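Letters A, B, C, D, E and F name the chains as they come in the text, with residue numbers starting at 1 for each one.
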Amino acid sequence: MKMSHVDDAGRARMVDVGEKPDTQRAATARGRVVMQPDTLALIQAGGVPKGDVLAVAHVAGVMAAKRTHELIPMCHPLLLTHIHVAFEPRPPAAEGELAAVEITATVRCSGRTGVEMEALTAVAVAGLTIYDMCKAVDRGMRLEAVRLVRKSGGKSGEWVGE
Amino acid sequence: MKMSHVDDAGRARMVDVGEKPDTQRAATARGRVVMQPDTLALIQAGGVPKGDVLAVAHVAGVMAAKRTHELIPMCHPLLLTHIHVAFEPRPPAAEGELAAVEITATVRCSGRTGVEMEALTAVAVAGLTIYDMCKAVDRGMRLEAVRLVRKSGGKSGEWVGE
Amino acid sequence: MKMSHVDDAGRARMVDVGEKPDTQRAATARGRVVMQPDTLALIQAGGVPKGDVLAVAHVAGVMAAKRTHELIPMCHPLLLTHIHVAFEPRPPAAEGELAAVEITATVRCSGRTGVEMEALTAVAVAGLTIYDMCKAVDRGMRLEAVRLVRKSGGKSGEWVGE
Amino acid sequence: MKMSHVDDAGRARMVDVGEKPDTQRAATARGRVVMQPDTLALIQAGGVPKGDVLAVAHVAGVMAAKRTHELIPMCHPLLLTHIHVAFEPRPPAAEGELAAVEITATVRCSGRTGVEMEALTAVAVAGLTIYDMCKAVDRGMRLEAVRLVRKSGGKSGEWVGE
Amino acid sequence: MKMSHVDDAGRARMVDVGEKPDTQRAATARGRVVMQPDTLALIQAGGVPKGDVLAVAHVAGVMAAKRTHELIPMCHPLLLTHIHVAFEPRPPAAEGELAAVEITATVRCSGRTGVEMEALTAVAVAGLTIYDMCKAVDRGMRLEAVRLVRKSGGKSGEWVGE
Amino acid sequence: MKMSHVDDAGRARMVDVGEKPDTQRAATARGRVVMQPDTLALIQAGGVPKGDVLAVAHVAGVMAAKRTHELIPMCHPLLLTHIHVAFEPRPPAAEGELAAVEITATVRCSGRTGVEMEALTAVAVAGLTIYDMCKAVDRGMRLEAVRLVRKSGGKSGEWVGE
């Protein structure tokens, strides 16, 4: 029933963090772009026609982290003090399996709310950039397992995922 | 005389707030989109072809508040800690009168300058979004009475308008 | 009932304009910032401490028109070919009445959808900028009567409002 | 050896599409946010404290599609003519398994290059928004299987994935 | 006299290009960052602590070209079809002289107005990025000779500078 | 060798400033747009067809400073507390020489990292805007000598250039 939208019930809100103290916050997120082994080989050899894939994906991830609050509607703006994005090649574990590039992003700030979304956004946009740079040779790539692996700071303190 | 632009007289400035202390700031703005009674009925019934008008207008208002300093040239960037946008239907007071949706936005931050512009921008963009979502059925809608109704914090302290 | 959100009913959509032909589109919107007579006098005399109010509001309106599709969620991106923003002072009609600055924005493009939202956004952001530049001297200003006054082009052709 | 960066080899490029004809382009991407069954139940019941999760995720996905060329460095700007984002709940297939929300985004434009990245970006940002809205109750959610499922238009014509 | 701002005289305008035909446009701009010979050596050796200077500057230049109309108030939005940014090291011509990195950006589009500003913006932002990456080791760097060197397309046709 | 991109060596980083204390930071940058003497005369007379050149360049410079971290990949977001952009005409020193407009930008903030890039960005974008506004009459203009002239605050303290 649409009338429910007219009162306040169910309306999204940007949570009030004004009473929370500034603390050191950190979050690490991870994900991977799964691809043909030949595609990984091409990335590693610098042979992708569009250019140096990981150098571009790296810059894209860092810049996206800074724009997280423009993309995710209920995210607070934050003064990020550190962003780090790294890539690791994952050759296929066995013949016939797929390869991957593993992406890890760590973000830190001193603020009133966590930086999980910033780390996740950096991973997702770095991954999409890898897709964009390589799509002419491998349209079937997938972005998989984008997840938080660690956070610290704030009332909920340390959290570690897989 | 254009030479006046070459010296400093009359040039706009982004006021220096570096010496002001960080205080808790809040501002509430209000405005309304005036429309045909049938348009309001359609919004309330969820019958607007473009979709759930107020859900979209709500997100638009929250996101616009975060971008105020990109839109209003002399506005300072601020770390907003809370944004709340709410809508109230205003059926026509009497036969032959117009209906309206009243929009109220409250913004808070801890900073050196007030958040009036953020609250006003949230109201204006939420209102324009209502226009956009309904314009196929009611091109004569108007955004009226966008105004500050309350602010607190900072040297000038509490201010209450109508 | 929230389940309605899970199917497609009621979900907002960015209307498909892919089949529409490119035509010359134009739209004019208007609105006004209502203020104390002294505030208008100060604007006209160039005495507002923050600087040349209308020069800044003008640039803000033009730049905001170009960002309309970033602000209004279901708006299409468009290649605007022309943006014009103009201001007219409205001294009080009689003693004891308020003054105003009338804002008129005209936008044109060649495209598949109209530019009403771009013209309305230019008016609203120019008006908010006037508020920002003058708020230290007149916190009670209001943005009133933001409306479409004329559009042309597209299937619906010419439309003229008040 | 860093000197390779100083000549042109290996430098990324935004491919020249100036000679390609304008054709109707479409792309559909898909992905899913994997979550605890209770989290899905909460989303469906409208009980997530931050608000109506899918309404917000929907708007976020649409708006992100329009900003793809700002996020993905070598993407061309495009005049999108249609964006559609839809969600389907996936209750756990068996006891002890996880639930998911499946996200599908379709984007169309008339242009010189495809809209795969726009569809993928809409899915990723809608998925991250679901994470953000629900992270207080389920920090272990994952964004999985973000992939292109169909594209049409352009020289390479129709492509269908899984 | 400020009254001149209230009428139309002197107000900036975004020129109406609606009547111009779409033609192939290209522009090349150039500039250089002048620096200590040791700074250039460090860039070439990949020894700058902040990372691979030219890879980052390259991406920054490409991305900035796409945002030119957001930065330069009276610039029209354009659908760029190609952006290319290249760097050339300029070792000192003689002992005691400064070194430089020469930046060249070429931009193309099919549109109603030229792409000079996009090429110039790419050069300027790439140059500022070089400054940012190296400023910890050489704060005295300068961005010099940012200029248009060639344009083609449009009514004014080919133009070649130095 | 491209493998170097897969490990961490050479990857750009956004330096971690989380341990640095908040201090008052200021930076002043300067640059000039070199032009035909007739072009300067036209700017000063308000005779440039596109409008009041310096009023528009001024707003562009202020707004660009606020977006520096979106343009320069490894720049931290900062809460600028003050931005000032000023212009001085430089008539030709002798017959046959060129004229210029000198641009000076000062930026302040309280934060953990300096505001050099914000001041330099304001100068560059103000200069590019002058080019844009006047390019119809003088395509050979150049942006020259964009440089830091003074900074204060932070561990490195006061720095004064030429």
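Keep in mind that, in the parts below, contacts are C-beta pairs under 8 Å (C-beta built on N, C-alpha and C of every residue); 3 or more make two chains touch, one makes a residue touch a chain.
Fair warning: this is a prediction, and the values are worked out from it, not measured in the lab.
Undergrad: Using C-alpha centroids, which chain lies at the maximum separation from chain F?
TA: Most remote chain from chain F, centroid-wise, comes out as D.
Undergrad: Sort the other chains by how far their Cα centres are from that of chain B and give me the top one.
TA: In terms of C-alpha centroids, the chain at the greatest distance from chain B is E.
Undergrad: Whole-Å distance, chain D centre to chain F centre, using C-alpha means?
TA: Going by mean C-alpha positions, chain D sits 36 Å from chain F.
Undergrad: Whole-Å distance, chain D centre to chain E centre, using C-alpha means?
TA: Whole-Å distance between the two chain centres: 31.
Undergrad: Would you mind listing the residues of chain C that make contact with two or more other chains?
TA: In chain C, 2, 10-13, 15, 46, 52, 55-56, 59-60, 63, 67, 70, 73-74, 77-79 touch at least two other chains.
Undergrad: Which chain D residues qualify as touching chain E in the complex?
TA: 2-3, 5-6, 8, 11-18, 69-70, 73-74, 76-79, 111-112
Undergrad: Taking the touch rule as given, give the residues of chain A at its contact with chain E in the complex, in rising order.
TA: The contact residues of chain A facing chain E are 52, 55-56, 59-60, 63.
Undergrad: For chain D, which residues count as touching chain C in their complex?
TA: Touch residues, chain D against chain C: 24, 43-46, 52, 54-55, 58-59, 62-63, 66-67, 77-89, 108-110.
Undergrad: Of all residues in chain F, which touch chain E in the complex?
TA: Per the touch definition, chain F meets chain E at residues 9-13, 15, 31, 46, 50-53, 55-56, 59-60, 63-64, 67, 70-75, 116-117, 120-121, 124-125, 127-129, 131-133, 135, 139-148, 151, 159, 161.
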